[in-house]
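Next come the structures, one after another.
In what follows, chain A forms one complex with chain B and a second complex with chain C.
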Partner chain A sequence: MTITMNALKERIRRKELYIVVAVSLIILAFCGSDAATISVEGESVTGFESMFKVLHIIVNAAGCLLSMVLSLRTIPAEYQEKRSHLIWIRGVSQAGYHAQLAAANVVSSAIAVMILYAALIIYAVIQGAAGYIPTMIPGLLIVILNIAIISLLTSVLSIGLPSFVAGMISSICVLVGVLHGILDIYKNIIGGFSGAIVKWVLLIFPDLNGIQGQAAGLVLGKGIDFHVILKGLLTLYIISLGLWVFRKKEA
Partner chain B sequence: MKIYRILYGVLGVIFLTGTIITGNSGLSAENKAIYEVALNLQEDVNRIGFPNFDLEDYKVRFFDGRADYVVSGGTIEKDDAVFTTFVGTTYEVDGEYQIILPTVENFSAMFDLLGNAGSLAEGSMNFTQSQYGPEEHISTLWHETLHAYQMSCYYSELTGLLGKSVGEGNIEGIVVSSIDGNQNVVELYKKQMELLHKAFEARELTEKKAIVADYLKLEQQRRGLLSEEACAVEDYYEAIEGTACYMESRVYGFQKGLDALKEAYMGQTGYEKGSAKYYTSGMMKCYLLDELAPGWQSDYDFSISLNEMLMAL
Partner chain C sequence: MMIEIAHLNKEYKGKKVVNDLSFSVAENEAFALLGSNGAGKSTTIKMILGLVKPTGGKVVKTDNKAIGYSPESPSFPSFLSGGEVLTYYAKLQNIPREEINHTVERLVRMVGLDIDKTKVKFYSKGMLQRLALAQALLGDPEILLLDEPCAGLDAMGRIEMIELLKRLKKQGKTIIINSHILSDIEKVCDRGVILNKGMVLRNWSQEDIRENYTLEEIFTETLGGAV
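Take a look at the complex of A and B:
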């Protein structure tokens, strides 16, 4: 816990969290304002529910990218700055050390997405849809599952791979994950060998869009598919095993 | 430390078990409701007049992107997908023709992705994505049911329309190369479609008949420019798809009314490349037959073209 808290303090000290969140908020504010017209099928989307769905997708995608950026350098930086030796002398295992740093990444990413979600809450109030706010809390918790998946994946990859490679893999994971729904339909349209490849790609990468969709649906009063959530939790669990599998040579 | 490891292991087992258990949730309530409503429309469909045409005679396979859910006689069974792509069609499975449809969720999502799924399914869809929902899916289900009926009861008659020289695998190619590629044919076809719409809108039967006669004259002129094969292909498409589109639109009308039917199905007046145009022209001819030869469906065995039906009036 001490390692996690220290890592969080370090994150706050470096102010990277604020900078990235500020940029995301600007994007979100623009999308929610009259300055931007989002159109679907050539028709302007103006109703709260339609607009909320669009903004929710943006928040989820921005949150996932944020969590990747926030998690990428934490573990490698510990080793580069030789702080790891201070941990070994306390008798903390390497896996435990990485787990606590990864926890710090997940928490800081969750805080970032909470700030983004706060913008959604403000948007709801402005639009006279404050009635949706109570369901936004469980909606946020579901989105945090996505954030945790990407943050933990990036953390695990950053243990064994160079930052650039880990970042690339995580970026691809975010891209495929947020486009999971579209790709799922696409694979059944194209069929054949290409469809089979897409099918395998979708099996490997987590369904971030599905989880996001459940969160948005929950906020808007629709039912929830527990299979999607449980699959997300299982994905998170499987990724967490990497903390025990990947080792740093230095230690 | 050991207790944490055990808890960690237990957590993994819980997630895995939960994922497996919830993964087999079956066909969604919305698709079940679609099938039920479609069944409840049987009496209305009976009034259209195709003899022994009954949805319950055919199994319906709802494809959810991974597996088929086969609905038949009040039971639903999960089965391997017959097609792993999204198609609305009828196909022979275990010696009988079954109806294959994507689930409404997948079909709607496909519309979201592509704007209009018509070109992917059969070229028969007349809806834009924002409109596609349960009522449209029920209509599509009846469209495919008519195909199952045609294939089960009138297969030889329908293939007879194609003649011996045209293989079933080559018919779309003939449309594109021999018909769409001939500008004189295209221009005449456009005029003919205008006449069909005009005949449909005409109030008096005598006026309708006169417009149909003009249409048939142009048809004769246009077909003079086409090969025998191309003419056979047109007859075949209009008989098989025009009637199915007619059934689909009638069912749509039962659910949403005449105005909605006209808006969804009669708006297409431009020239469509490929076979899609015959869905519309065949359907229009069926509506004209409704007025000029009421009850035509009871004797129609798909062995003659819809043009021949109009000529016989």
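Take a look at the complex of A and C:
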């Protein structure tokens, strides 16, 4: 845990989380403004539950993107700045080293999404819906699963690929993940060969929207589908195996 | 032999940076790798440490001998103080917790740094070099690989560093140094090799120096014909 703690301290001192606070303040300002009217199918969304669902999607997407940004450079920077030399010579295994840095990425990304989620909690209080707050905590934990998937994926990819490529793949993963529901509908509409391709894309990329939907549902008192959560956990496990597969040839 | 290098090669994109290099270093010996920039000295040290994979040849190290390494351009977590950096590496090295504070204080004093809260990012090159040596000494390793240990040090700093290296040698350490400062090498090392373009041009020892040559003259004479 020494490397993880050190990487986290560095994060905190570099004040990277200020960006997250800024994003959450923007979300909060958006929620609180009178101009915050969203239309779905021509109807204005104003009620707390409807508005919460929309904001939850925004928080999830913003959290996934932030976790990608926070995780992209951690491992490559260790090698570029040659800090890896003094770690390798101390007998720390590559997998252990990378896993500890990836853990720091996941934890800092989780902290980032907690800050974003705080905006939702404040919004609930402002709207007189403080009763939802107790269920927001387990909801947050489910959203953290999405964040962990993206953070870990980005970390693993950054070991073996140039940052630009790793960032591109992670961005596509976030995009497909948050649009999973829409793409699923699209797949059924188009059918045929194109539909089959979309089906495969949906199979490969994690269903971030599905997990997010379960979290929002839990907050709003609806039941959750544990299959979706289990699939997310399985995805996380499979990605974590990459820490043992991807290796650096030299320090 | 503590370390034996046999027909070591390293190529980067078809360019040989180390070419059929062989030498051995005995216990309690101070050995120098000399040469101009790009001679392959740092790459050789990194291959001994396992940080760089050789294209050919092998490095044989005596089993279970701990190695300390001081890099040429040390890069530490910049937000930590010198003491915190040493504590960080001590933890990674599994030095017992109850010994860490004492060890860190001793090493900081040994290399001539102060135990204060100054962050490493405010350290001068010389201070970083001292800290690099201190972290190399964590765990009391038997073998020390020092890449340009005097780089960035002022005159007094260099004198102190040379005295420290002499003391470490007296304590029984085996030292491999890569340096450009020949007068320093002459004071510390028993023997060594002069490299050019990854190849050994000449082996030298203190006996050569006693025969009215300075190391600088040996170096110039050797490389004069090669460059």
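Here is the rule we use: the second predicted complex is superposed on the first by the 243 of 251 C-alpha atoms of A that agree within 3 Å, B and C clash if a C-alpha of one lies under 4 Å from a C-alpha of the other, contacts with A are read in each partner's own complex, and residues count from 1 in each chain.
The rule we apply is simple: contacts are C-beta pairs under 8 Å (C-beta built on N, C-alpha and C of every residue); 3 or more make two chains touch, one makes a residue touch a chain.
Only a predicted model underlies this, so the values are computations on that prediction, with no experimental measurement involved.
In the superposition on chain A, A:L234 makes contact with chain B only, while chain C stays out of contact range.
In the superposed pair of complexes, A:K249 makes contact with chain C only, with no contact to chain B.
Of the two partner chains, chain C is the only one that A:E81 touches; chain B does not reach it. With both structures placed on the common chain, the touch criterion links A:R90 to chain C but leaves chain B unconnected.
Touch criterion met: A:G181 reaches chain B, while chain C stays clear of it.
When the two structures are aligned on the shared chain, A:K9 is found in touch with chain C, with no touch to chain B. On chain A, the surface touched by chain B in one complex and the surface touched by chain C in the other have no residue in common. Partner chain A is touched in their complex by these residues of chain B: 11-12, 15-16, 18-19, 22-23, 25, 63, 65, 83-86, 102, 106, 109-110, 113-115, 120, 128-130. For chain A in complex with chain B, the touching residues are 41, 43, 181-182, 184-191, 195, 225-227, 230-231, 233-234, 237.
Residues of chain A touching chain C in their complex: 2-3, 6, 9-10, 13-14, 81-83, 85-92, 249-251. Across the interface of their complex, chain A is touched by residues 46, 49-53, 67, 69, 71, 73-77, 79-80, 88-89, 91-93, 135 of chain C.
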